[in-house]
Each structure stands twice: as structure tokens, then as C-alpha cells.
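This is the structure I want to talk about, given as C-alpha cells.
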Amino acid sequence: MPLYKSLLRRKTLHWVGGVALAGAVLMAPVPAFAAVSEETAFVFNTLLFLIGGFLVMWMAAGFCMLEAGLVRSKNVADICLKNISLYSVAGIMYFLIGYRLMYDGVDGGLLGSFGLWSPDDGAALAEDGDFSAGYAAASDWFFQMVFVATAASIVSGTVAERVKLVPFLVFTALLTGLVYPIQGSWHWGGGWLAERGFADFAGSTLVHSTGGWAALTGAIILGPRLGKYDAQGRPRAIPGSSLPLATLGTFVLWFGWFGFNGASQLALGSAADSIAISQIFANTNMAAAGGVVTAVTLTRWIYGKVDLTMSLNGALAGLVAITAEPLTPTVGQAILIGAVGSALVVFAVPFIDRMKIDDVVGAVSVHLVGGIWGTLAVPLTNGDASFITQIVGVVSIGAFVIITSTALWFALKYSMGIRLDAESETMGSDIAELGLEAYPEFGGGSQKLRGG
Amino acid sequence: MPLYKSLLRRKTLHWVGGVALAGAVLMAPVPAFAAVSEETAFVFNTLLFLIGGFLVMWMAAGFCMLEAGLVRSKNVADICLKNISLYSVAGIMYFLIGYRLMYDGVDGGLLGSFGLWSPDDGAALAEDGDFSAGYAAASDWFFQMVFVATAASIVSGTVAERVKLVPFLVFTALLTGLVYPIQGSWHWGGGWLAERGFADFAGSTLVHSTGGWAALTGAIILGPRLGKYDAQGRPRAIPGSSLPLATLGTFVLWFGWFGFNGASQLALGSAADSIAISQIFANTNMAAAGGVVTAVTLTRWIYGKVDLTMSLNGALAGLVAITAEPLTPTVGQAILIGAVGSALVVFAVPFIDRMKIDDVVGAVSVHLVGGIWGTLAVPLTNGDASFITQIVGVVSIGAFVIITSTALWFALKYSMGIRLDAESETMGSDIAELGLEAYPEFGGGSQKLRGG
Amino acid sequence: MPLYKSLLRRKTLHWVGGVALAGAVLMAPVPAFAAVSEETAFVFNTLLFLIGGFLVMWMAAGFCMLEAGLVRSKNVADICLKNISLYSVAGIMYFLIGYRLMYDGVDGGLLGSFGLWSPDDGAALAEDGDFSAGYAAASDWFFQMVFVATAASIVSGTVAERVKLVPFLVFTALLTGLVYPIQGSWHWGGGWLAERGFADFAGSTLVHSTGGWAALTGAIILGPRLGKYDAQGRPRAIPGSSLPLATLGTFVLWFGWFGFNGASQLALGSAADSIAISQIFANTNMAAAGGVVTAVTLTRWIYGKVDLTMSLNGALAGLVAITAEPLTPTVGQAILIGAVGSALVVFAVPFIDRMKIDDVVGAVSVHLVGGIWGTLAVPLTNGDASFITQIVGVVSIGAFVIITSTALWFALKYSMGIRLDAESETMGSDIAELGLEAYPEFGGGSQKLRGG
């Protein structure tokens, strides 16, 4: 039963009040009628994955709206297409190869096995049902699948406005079919990082930093957008086309994050699990709130004006930061973890800009910087995590994703090419790649007159 | 207990691993403490309807955004009003007449009874509660109600930009109060199609094709929009005003579809049910993913450019196609079912265009063509369905909806008129019907200069 | 166990079929295996709060989109920032002071205690778990927290386009940390209004009227926007910048309201509770539907054209109206309650306009007028409520919020100032406060040429 095992592995470091929850529901002797029956727990656990899964699926729409709002109108349709396509490609690849590579037979090693995923619920469906698997196989697959899509969503925003569509989707396929599952197997699949005690509850490193590294390498290899830097090499602000859509996207992500972190408890079939998930909901929300307030305050203090985009990124940075450990902090600690994540982003965004790395939506700052911070902060509230091991995890996964992503981006660059030609980029990827405009009636082409 | 019966009827063809699930939770002897108690199952089943219900309700917003993005800006406010109104009218009509017409006393026949719906939960609320009804009556009503609203939502997009508001809403009232419930009673209400073994799990035919036929007859009787065809009768592309809104709407629909298909399992009160719903979630998602990838690939191959609108419709076609049988396919089969649905839409859209049928958003291709395909595909994976019976269902429901819709559209045409006059259509339905503009500040009136 | 007590208090008036549900799940002797076990009920109740909580959290996005669509484009980014900030501030204040002020040790009095909130789930987590608390503490906190954010969201729309950002956020902090919790303690915290038998199931008065009064006092003290009234003092229509966003926001609010009202049942751990929640879902939906149909009909009849904005507000008015008692009405009664709420709004909006009170989005009409109506309508369907007591509640809470809000607005006015200077207001709060534009490419600055 590889799935059950993978659940145990992922749960290794989930503690509430000093009591390990791992498998508690499933293994504990049923004490009395007051408890939850095995089959009821099975249904609860499955329901948690399904609810969590649809919430995280909805985050794909959040990334799409966030990015559609932050690119120029000449690139909006293209980014919409990329987002709905990457979500689709990620699911197919995770079915074809990714899931088993991440969860099947990792056994302390470096990767799982190759092959299609298929569910095995035979025991639970047998005449005298054996519910010890704990949940329906497909509910777990669905929940894991939307996570890999999230990692891919992070990339699209950073490399927007100049990457070509087809190579981007090929990169997505390889990221979601190979890169993400292999590094994911190291911790959640029960590989070598799990055996060392690495702690990343819902994926500050496994999902967000992985997406962030893949985005960063892409941005460097692609180079900045035309017009992003002036003759003296100073960065120019290129405003997004629709801040309400960007705000909507942020709210969608915040909403979906309750599933992302909450359902990463992986079980709802006991009072203890429901208590843990409740704490995770509160902490997730408050880390984002701390992020917003911090970014609003800091940008007003530094720049004299509040920066809306930075405030949205502050919310997201708070969410990314709490993702590595949303359970053990108190609400007050969660606010602080989110606040620090947000403050880091307020400084990281202009820093990355000055490094001549053109990250269109700030995703590297949010997901990579925020993800590293969140991962390193785990030992502050979780006594079972070690600072050294957290660094080992961050560095090893970082190195793996940097190397593989760089190789993939270069392979694509020297085979099919990854960047739009200058004429297409100036015209906009919507016309160039899709032959249409996202907003054909607005402004009578004002974006052509004013855009970069 | 008509509701319980209707559940049994709807469940007739739901099988997992060769074991009929119908009523299993309710009728099986309770074997041991490991099982789910009757009252717990009642709560789970009810919760499934409530979660599924709010997800499908949210699809109303999805249709609204999809259509608002695909019409020209001069008709955006009007389509918003139509969408929120049709959802409201559908609910009221289904309460007043539709529900009982569909589910009360059909008994193998052609329709149920007339009268208001009201809940009867007396048995479950009695002192020594009898939970054999299986779920709360109002949760079932709510879940069924949002389905009828979905059927009505399909129509609004096709006939947009030229149908008058009030006759459209009258049509909606009759569609949702009479046409939908009567044909729905044939299968889900336990009517003659159910007795013949027709299989339509969540409504490829009952919901999507019904909406599609009603839309098709409307489009034909209304005629195309002014300027849709040139002097030689060749169709002109009329681009939508906001592709990010159309994309958002597609994501909303995809998200809501987990409720549409998942909660159509109609029970969550056993491990077997939760396993079935999990498979449905995975299949629903992957059919859509297959649809996206197919449309992206095909349009790039045929036209040299990827078509975003077609890709969105490809996602929806995949979803419609898997709706008739989301449970029995493997994930791989689900991807293929979605892919074929999407491919059919890629060819159906230009075909319908050339037939001089002006379907503004492509809803006939998606919901009717995709719905027929999905219904006919059921026997490919479900051994209990018969190809002949599926054809009987498609044809009989098609004939009924074509005849009744045609009669309604003509009755409205020759009584109150159904089409805006040419001046109003040119000016836009927003100004003509509502006296305002959807985007009063954008473009300084560019849509008046450039619109058709 | 203050939390358990607060649940009992809030539940005092929740009846189904003449049987008080309060604590029934927890106190009833477990009759037989057919029932729900104590721990299962604990999980169900917690799950209800979590689902309800994320649905209500999502309403923050709904308010944001509604308001972003109804302000002019020069103020869109600012209203987005206000909305995401107020949600964040509300959560932090409710954690720091609000929750315990509302729920801890009120005991029939006027307010609770001061101090940070922290969860206490020790009994349920003990070796031989005691599940009599009924739910996880943090799930309750999360659910209560999103309600206070809703109250704050109501204010932002009314005072939009001229209030300064920082004083608005200070007002929000005081509203959510002090004003809302104190009045909330009177009923839901088990204070003096609870002892008198006041009935406000989910907050027509406690949430919506409170937000409405705070908004009304703000609008009066701020004064109308420049250009809102002509030289003769007649109100001018100032159209919103994006009606599809306003429609989207309304759909989001409608969707979230299932959590708002449904989870206010506060328990899901029995068949009776699930039946109650189902009825609440149906009633909530149909009150909104009644509101839409009424506003569409009335505005067409009065003005000759259907008013989209009024129809959206009609939906919301229906939702606000049913919130005080979504359980005891039949579906038919719910439609009527919503319809009356909507009709009141159709007349209240122009009335308030003529009173020279400039409510940008109509929130006072919807939330205050609709909330009063809903609260007074409770005795029509709930025999345990008294008309006199309902008036006492409406008046006492109204007086408290009017006095405290007025004091706060004036204190802010004479300390930091609450209104943008004329130049900033004309230029738009986006440029003035944030230094950017929400839609920099649309219209080539048309909003500067055409805006008020």
C-alpha cells in the first residue's frame, strides 16, 4: 500500500500538543462508542482531500487572474492561455509519470518508480471492508496533483510577456512530470530528506521554492523584457493592466490556501485532526493578514505612498511563509512569520529588479524568498525540526531544481527557442501567438501607443 | 417517500467494481462498529448535496463571466443582468412547479405531479429518528435546483446580443418550470427512460443537451446578429470584449463541476461512495485537461495560432463529455473522452457558423455536441449501458426539447417579440434595455466607433 | 469553557419543528448505534465552521469586486487596497481584543473581557478525549472572525472615493476591535439582549446593520463627493467603472452567504442540524432570488428600464433580510422576505440620495435598511421571537453604533483628517494615495477627461 505509506511519511512531523498524529486514527484501538468509526474516518479523510483539492484547483484561477492583472494588456490573453494550459499539462504529466515517481517505492531514496498512476481501493471495497488505507486513493491523487500545478503556476508569471508559448508548455511538462516529483519524493515521498527529519508541512520549499527556482532560472536565461531597463541600466516600472484582476487573483489564492495548508494535515477523521486543521486555518489567514499590514506600512513609510501590488505580494508572502509550518505556531507567531515574509518581499522585489532579473509579477520574491524564510522558520515553533536539516533541505532541493531547470531552459533555448522575437514582443504575445487581443475594444489600441 | 425513491432511481446505474451502490448504505445490515452509523451517513449525504449545491450555484457566476467576456462591451451589462435574473427565475420556477413535476410520482411515466415543493423530514426529526430517507429533503432540492439553473445558463450565451430581456426571461421561466423538469422526470425522476436503462450520470443529456437544444432553436429563430455575415454570407469574427473574464468564467465552471459531477453520486455516507466521488473528481478534472490540450494542439495545427476561446471551450467540452459517466472510466479514458469532446467542438464551432447559426459563445457546440458525445460514450466504459438505449434517450429528449423550445420561441416571437430592433442592437443592449454602459470610462466610447 | 457557552447562547433561538436544537447533540443520551458518536459530531461541527469560514472569507473578495466595479476607474486600486487591508486589520484586531470582548465572560452584561484570544482544546485532546466542547476552538474563532470582517467591508463601499486611506483603516481597527465586539456580546456573547430573547440568527442587525450604521455616519460626516450634486442640489448619477466586476462581486457574496447563514446553525453533528442547514441554504438562496426578481420588475415598472446595479443590490438586500431568520420560514416565505427587502432598497437608494447622503455603492440601503427589515420580520415566522424585543435590539444596537461611530469619525476628522483634499479627489485616490492607476492602458486616460 504505497499510498498509505506516503501518508505516514508526510505526517511524520505533524504534531499536536506533543502527540504525534501520524496514523493515530488508523492504528489506535477503538476505545468506545464515543470515537469515530473506521469507515467514518475514511470518509472524513477522503472528504478533506476532495475539499482541499478543489480549493487548491481554484488557486489556478487565482494565479491566472493575478498574472492577467499584472501584465500589459497586449499579453493578457496569452497569459490566460498559458495558465489554463499549464494546469492541464501538469495534471496529465502527474498522471502519466509524476505521481508514482514521487510516491511509489521511494523508500528513503532519491526517486520512486516509473509508470501510470491508478487507484487501488480494493481493500476498502471488499465485502468486509478494510478501511486501514485511510482514504480513497483518487482523493489523494487529486490533492497531490493540484499541488504540482501550483508549482507550475508560479513560473508563468515570472517569465511572462516574452517567453514563447510552446517551449513554456514543454518546460511545464518536464517540471511537473520529472523535476517536481523527484524532489518531492525526497520528503513527502519518504525519501532521504524525510529520513533526515526535514519539515515542510505543505510545501514552502517543495512547492513554492521549487516553482520559484524554476522561475528564477527562466528569468535569467530569457533576459529582461524589452524596455525594462533604460540606457543607464535602471529598471523602469511597467504597470500591470488591471489591478482589480490582480487583487481578485490574490483573494482567490488566499481562499484556496485554506485547502493548501488545511488539507495538508492529511486527515480529518478524529477530533485531534479537526483541531489541528482549525489551527492551520487560523494561522494561514493571520500570516497573510500580517503580510498585508506589513507591506502597507512599509511601503508607505519607505515610499510615502502605499504600493498595492506590493501589498498583494505581501499577503502571498505571508501565505508562502506559513506553509512550511502552519500548525505549531500560535496565531500571534503566525502573524509575525507572515510579517517577516512580507518585509523580505518588500526588499527583495527592488533588489531582484536591480540585479537585472526581470520578474514580471514578483513571483521569485514571493515564492522563493518567502518559501526559504518559511522553511527556515519551522524550528522556531516546532521543536522536532532542526535548523541544520532545514538548511540541508533548502539547499539540496534548491540545487537540484536550479540544475535541472537551467538544463531544461537551455535545452529548449537551443532547440526550439524560448523567447519571442523583438517584433512579436513589442506587438504583444496576444497578437503574435494567438492572433487576437484580450481587450479589443478598450482604448482603441492605447496599449500600442503607450506600452513598452 | 418520493425523494428517497428518486434517489434510488437516479442511482440505478451507479456501479463501482461491479457492485451496485444504490441504497447500499441505507439497506445493508450494519455489520459492526467499523461502519458508518445511519445518522452519520444521513449527515454525510446531506453535506454532499450542500457542498455540491454551492459549487454548482457558483457555476452561474462562471457562465456570467464567460458570457460577459465573450460579448462586445456594449452588451456586457445586459448579459450580466440576464445571468443573475435567469438563476433567480430558475429557482423560483423550480420551487413553484418544476421539482414535483420532475420527481413526484413519475413512476415510469412521462411527468410527475403539479404543485409547490415543500420538505418532509418528519421521520428523521421524530423522537426515535428514522434516517432511512438518507438525506435532508431541502439539501436534495437545493442540489436539483442549481442543475436546472445550469440548463438555463447555457441558453443565454448563444442568444446574446440580440434577444430582448423580458421574453428571454419568460422563456427561461417556461424552460425551467416545464421543459427541463418533464424531460428530467423521464430519467432522474424514474420515468420511462429510467425503466429502459438510460444512463446519464450527471446530465450530459438532461442538463447540457437540453440547454443546448433550447439555445439552438433560439439562435435559429432569432437569426444572426447584424454584421455577423458579410455580403457573401461568410461569417465574420466578432471578438469578445474581455478574454480574462472569459477565462475566469471557464475556471469557475471547471471548479463548480466538481460539485456537478461529484455530488451526483448522491451519497457520501460510506467508504464506497467516497471512493466513487474521488474517482469522479479525478476523471472530471482530467477530461477537462484533455479538452484543453486537444484544443490548443488542434487550433495551432489547423490555424497556425492557438485559439484561446476555443481552448476555453475545449475545457468545457471535456467537462460536458465526462458528465454522462464520470465514474466508470479510468483517468486515461477520461482524458480521451474529454479530448474527443474538445475535438468535436473545434470542428463544430466553424460548422455551425457556416450554417448561418449565430451562437455568440459557442454554447451549442460545447453543451449540445459535447453532451451527445458524452452520452453516447457511456457504454464504452459502463457495461450496464446500451448504445441503443443511449440513442433513444438522446433522440427522445432532443425531440421533446426541440419541439417545446421551438413552440415557446415562436409563441414569444409572435406575442411580445423576441429580438431587439436594429437600432437598439447597433447601439447595444446595455443602452437599449438598461440605459447604461458596462464600462462607461474605457475607450471614450471606442466600442461605439469599432463595434459591429 | 466560554466558547461552549457562547455556542449555547447563540443557539438559544434555533428551533426546528418545535424542538430546541441547542446542545441537543451534546447532551442527549446516546440512544443506539444509529446515532452520531460524540467525536464524529465534534468533527462535523468543526468542519461546518471551517467550510462556513472559508465561504465567508471569500465574501471579502465579493465586497472588493462589487466596490471596484461601482467606483470610477480613478479610485479602483484604492478601493482594492482598502478591502484587502480591512480584512487583514479586522482579523488582527479580533485576535488582539475583539473575540474575548465579545464572547468571554459576558454573562448577561454589556461586554466581555480584555485580552488576546487563544484556543483551549485540552479536554478534546486528552488521553480519554472529552468532546463536550463540541468543536475545535480555532474553527469557531475563524468563523467569528470572518463575520467581523464582513461588517467592516460594508463601510468601505459607502465612504469610497473620498475617504483617506489611513484614517479609514484606523476606523476599521476600532470598529472591529471595539464597536462590533461590544454590541455583538449583547446577543451572541450571551449579554443582556440574549437574556431578553432577541433573535438575530446570522446577523441582520449584529453584522449588517452595524456595518450600515458605521457607513451612514461616515457618509454624513464626510459629505458627498465633489460633483455628486448639481447647483440645484439634485443628485447626479456617477456610473461605476465596471459592471461585470460588480456582478461578479454580487455572485461571490451570494455564494459566500451559504456559509454566512448555513454555518450559523453552529452544528452539523446530527441529522436535525443537517436538516436545518439545508433549509437555511434553500431559504438563503430563494430570498436572494426574490430580491432580484423584485428589483428587476420594480425598476422596469418605475423607470422603464431595468437597473442592473439595483438588481444586484436587490439580491444582496434579499440576502441581508433573510439573515436574521433563515431557518423558520418556508421557501415561499423566504422569497417574500427577500422581495420586501429588495423593494425597500429600490426606494431607499433614491431617498438617501435626495437626503444628500452620498453612499457610493448603496450599502446603507442594502445592509442597514435590509437588516432592520430582516430583524423585524423574524417574529413573522418564528413564534419565539417578539416584535418588541426585536425593536429593542435594533434600537439599542443602532444607538450604540451611531454614537460610537460618530465619535470615532469626528475624532479622526479633527486629528488626522478623514477626507482627501479637492485636488486629490478630482485626480482620483489611486494617484493621490497609491501613485498609480488601476487601468493604466484603458482609454488613454479617458477617466481623467470624463470623470467627475
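Letters A, B and C mark the chains in the order given here, with residues in each chain numbered from 1 onward.
Rule of thumb we're sticking to: a contact is a pair of C-beta atoms (placed from the backbone, for glycine too) under 8 Å apart; a residue touches a chain by one contact, two chains touch by 3 or more.
These figures come from a predicted structure and were not determined experimentally.
Novice: What is the Cα-based rotation angle between copies subunit A and subunit C, on a 0 to 180° scale and rounded to a multiple of 5?
Specialist: About 120 degrees of rotation relates the two copies.
Novice: Over half of the interface residue numbers used by both subunit B and subunit C, so same, or under half, so different?
Specialist: Mostly different residues form this interface, as fewer than half of the numbers used are common to both chains.
Novice: Report the inter-chain centroid distance for subunit B and subunit C in whole angstrom, where each centroid is the mean of the CA atoms.
Specialist: Centres of subunit B and subunit C (C-alpha means) sit 32 Å apart.
Novice: Could you list the positions in subunit B whose residues touch two or more of the other chains?
Specialist: As it turns out, subunit B has residues touching two or more other chains at 33, 37, 40, 47, 51, 242, 248, 439, 442-444, 446.
Novice: Inside the complex, what are the residues of subunit C that reach subunit A?
Specialist: Against subunit A, the touching part of subunit C is residues 30, 33, 37-40, 42-43, 46-47, 49-51, 53-54, 57-58, 60-61, 64-65, 68-69, 76-77, 80-81, 83-85, 87-89, 91-92, 95, 116-119, 121, 124-125, 128-129, 131, 135-139, 141-142, 145, 165-166, 169, 242, 245, 248, 433-444, 446.
Novice: In the complex of these two chains, what residues of subunit C are touching subunit B?
Specialist: Interface residues on the subunit C side: 16-17, 19, 31, 33-37, 40, 44, 47, 51, 55, 72-73, 239-244, 247-248, 250-252, 254-255, 258, 262, 268-275, 277-279, 281-282, 285-286, 288-293, 296, 300, 303, 305-308, 311-312, 315, 330-332, 335, 439, 442-444, 446-447, 449-451.
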